[in-house]
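Pasting the structures here.
Consider the two complexes below, in which chain A is the common component and chain B and chain C are the respective partners.
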Partner chain A sequence: MTAARAAPDLVCPAGGLPALKAAVDHGADCVYVGFRDETNARAFAGLNFDDRALADGIAYAHRRNRRVLIALNTYPGEARFARWTAAVDRAAQFGADAIIVADPGLLAYARATHPSLRLHLSVQGSATSYEAIEFHRERFGIQRAVLPRVLSVAQVAHTIAHTQVEIEVFGFGSLCVMVEGRCALSAYATGQGPNRHGVCSPAKFVEWDERPDGMTTRLGGFLIDRFGSGERAGYPTVCKGRYDVGGGRYYAIEEPTSLDTLELLPEFVRIGVAAIKIEGRQRSPAYVADVTRTWREAIDACVTAPDRFAVQPRWRATLGPLCEGQAQTLGAYSRPWR
Partner chain B sequence: MKLALGPLLYFWPRADVFAFYEAVARAPVDVVYLGEAVCARRRELKLDDWIGIAQRLAAAGKEAVLTTLPLIEAEADLRALRAVAAQRALRVEANDWSAVRVLAAAGVTGFVAGPTLNLFNAHALAVARDAGATRWVAPYEMGGDALAEVVAASPGIECEVLAHGRVPLAWSARCFTARHFDLQKDQCEFRCMGRGDGLPLATQEGTPFLVLNGIETQSAHVQSLAGDLPGLRACGVGVVRVSPAGTGTLGVVATWRRLLDGALDPAQAVQALDTAGVPLCNGFWHDRAGHVRVRPDGAVAQQARA
Partner chain C sequence: MKIPEFTLPAPLAALVAPLPRWPLAVALARALDFGVGRVVSAEAIAPLEGRCVRLTVRDLGVDVTVACRDGRFHPAPRDATPDVAIAATLRDYAALALRVEDPDTLFFARRLRVTGDTELGLVVKNLLDGIDLAALVPRPPWRMP
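For the complex of A and B:
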């Protein structure tokens, strides 16, 4: 039997204080959150933390020896750059355990102004190789990088072997099929996207047109999909629509599925993944509780006895219904399409 | 203001590429970007072939720039970057921070910071400049007002924008052309070969929406900033880029040349460019949805519905 290895951090999402508490109560090592504005990539109405909730949340987590990471991972324009630097200052004042940043200008500011504040390179920073990661370490002293969901397990292992920066990977949740930080599909359809506005396919540009024969969904006016009366209509994001290409009508980019990598956990541990991220700051506290509890149990089982690790049916039973379209994929890690 | 020809984004047969650049050598462009800018699997031309084309263009008085991939996944991709950095004859466009580090490590300065580096403010641009960048291609989704603020705060760095062509919008580890043909990416049979304008994608009501070009997704509408030339000049844009299409590229180049030289006014240039049956757009420049068309009188055309 192989020796027990270090457990990767379980990094869970919280869109509000109840979700943060749920994550901490159910075994998250780290909880990541955002301020209530466009400084982070889940800038949805009614979501995220004001100062009071953030202070309470950090105190709640720190009393239990857990960490709180603040995402400041959108790209500020020149005119409003000071709003983002002020957010970095607030994160430092509140005692955040790290900030998650994509913009090189903001990383430079954080490094110069708060040298003891831990920096994580956001997935929005699009760093898919050790050269890109090492650039950010040399210039800004980043201590962790979150990998875009485009690499195979072998490529993740190769990256880990060539950098001293800790590597965090996505383990579960909604799946971006495009390189994060380099997708302007939402901006093309609506004028607002993840990079500058912290939103993908914002609800105010969505239309649900329900008729007796079914539902039509639109984003920014573009028809994204049509659903029969018995079909479950998915939220219209550009990459998950059905379109006409070369005489065929199909999911031309990606089916609506979620990433679920439980079965890869022993591989992640073996290759030295430092942290596993759960997507979903927009999800409910109940969702966060279910996913956190399941992944905590799985990680503990895996590091205790990696050779005997097997995905438990009860884990699948919990996570399956939480997935988009009730369908799961290993995404780029296993590359069935390769 | 200089006129640039962006890299070929589609996969053409080798002979067609050579023939195209032979014509480009005689075309009125100042800067030409060369090399593969989409998929690492496309290898019709080797680095030496591109350098040969660059020498031909340089002899014709043009600045040739070697571009690099926007998505670096494998060690082989990094080896290719190191080879690009090791050649000293040509300037390089860095489209990923991997390339920036490799260039800096090789002691290369004077490179072009490409559009996928996401340099949205002068502080970020300063990071690239400190690493050796001397020209900045603005992110495709960046508007004119935001760009003007960065230019004003970034003296000594040249600014380039995509002035005419389909807008690259996203990149993936997956290949959507292979997917269309039910092929695995590693056995893709290079089906993107010869599709001069990629695979058009339309909504179910027939509205042109996107173009699938291997691992890259582009806009179906052609971004054209010809009508916005006074604004480009006022912002301090120093280079305007025409992105090659399957056909008609040199005609577009000729029109832009006449526009820049004052032989056409912006309205005449728009009229000349608005003939291919493909909708034009300029929404990103006006800080709107990218597919939108804003006319010089301020009238806005939404182009999303049938």
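For the complex of A and C:
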């Protein structure tokens, strides 16, 4: 039997205080959250934490020995830089256990101003090699990096073997085109995108039209999809639309699918993944509770008896309906053709 | 907790559909007013000011339209055009209210429809998701805050 290995941290999303409590109550080690502004990449209308909710949430988590990470993972640019550094200061004052940052200027500010504050390199930082991650460690002292969802398991293992930085990978949730920090599709269609405005496909540019024969989705006036009645829908993003290309109508950029890596869990533990991230700060407390409970159970089972680990049908039954689109995928992690 | 899947039988809808909407809208508006200041802050409902929201119970063939004016909810006039219209079955509304289903999950499955001002719909969803139900019920002294 294989010796028991350290369990990776389960890092769960929260768009509000009830979701944070749901994550803590169902076994998250860390909960990641954002302020109510463009300093984080889920700046959706009405979502996220005001000061009171954040103070309550951090106190709730800390009393139970869990950690709260604050995402400050958008790019301020020159004119707005002071607002973003103020957000770093706020996060430190609130007692965040770490901040998740993408912008190098902001990383430098945080390291210089709050030397004891843990820094996690956001997926928005798009560091896909150990060289890039080590650069961020040497220059800014990052303690953890969240890997973009473009690497195979072998590449993740190679990265882990060559850096002192803890590596966090995405385990579950909606996928996008995976050029995090560099995607301009939403900005092209609406003038606002995740990197600068913290929001992909802002709701005010989304138009759903229900007709007897189905539903059309428009973003910024662009028709991006049409769903037959009963056909499963996805988020209204440009990358997940169906377009007429070369005489055919199909998902020309990517299909709306969700990442589900439960079956890779023993591999993640074996190669020394430090943390597994669940996507979905825009989702509701019900989603957070279901996903957290399922992944907690799976991680515990995997660490206790890695050789006997098998994905339980009830885990799939819980997670399947929560998924966007028609399919779950292992994403880039599994590339047997390599 | 699981809520069984059900759709109300069509004959029931046929009975209910002709009934007047006004009393339902009044009841909903009063219930919402009761919640403001208790369950949600007056500040939190500011984005709803001057806006009109329609809820349709698909399997009952019933819709209720309320408008927010001066921080209070009122039944909207019969011919009012809602800014946002939300439609689901009674079972799915119950599942959302009890937080056993996630709205995005129902949306992906085409069971929750949002038409009109999508951002307003999102504000309503996030407003409801942000309500800390646990803080509304008295806590036994032996439970950690």
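Keep in mind that, in the parts below, the second predicted complex is superposed on the first by the 328 of 338 C-alpha atoms of A that agree within 3 Å, B and C clash if a C-alpha of one lies under 4 Å from a C-alpha of the other, contacts with A are read in each partner's own complex, and residues count from 1 in each chain.
Criterion: contacts are C-beta pairs under 8 Å (C-beta built on N, C-alpha and C of every residue); 3 or more make two chains touch, one makes a residue touch a chain.
Note that the structure is predicted; figures quoted are calculated from it, not measured.
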item	value
First (chain B), second (chain C), both or neither touched by A:270	neither
Broader residue contact with chain A after superposition on the shared chain, chain B or chain C	B
Which of chain B and chain C A:78 touches, first, second, both or neither	first
Chain B versus chain C as contact partner of A:90, first or second or both or neither	neither
A:248 touches, of chain B and chain C: first, second, both or neither?	first
Which of chain B and chain C A:158 touches, first, second, both or neither	first
Contacts of A:316 with chain B and chain C, given as first, second, both or neither	neither
Which superposed partner A:118 touches (first chain B, second chain C, both, neither)	neither
Chain A contact footprint on chain B (complex, rising order)	70-75, 77-78, 81, 96-102, 104, 116, 118-128, 131, 139-141, 146, 149-150, 153, 167, 169-176, 178-180, 184-186, 199-207, 209-210, 212, 217, 219, 283-284, 287-292, 302, 304-306
Complex contact set, residues of chain A against chain C	15-19, 21, 44-47, 53, 56, 59-60, 63-64, 202-204, 206-210, 215, 227, 229-234, 282-287, 290, 321-325
Chain A partner contacts - residues on chain C that touch it in the complex	47, 87, 99-105, 107-110, 113-115, 117-119, 121-127, 129-134, 144-145
Complex contact set, residues of chain A against chain B	75-79, 81, 102-109, 125-129, 131-132, 134-136, 138-139, 150-151, 155, 158, 177-179, 181-185, 187-191, 193, 195-196, 218, 220-226, 238-239, 241-246, 248-249, 252-254, 332, 335, 337-338
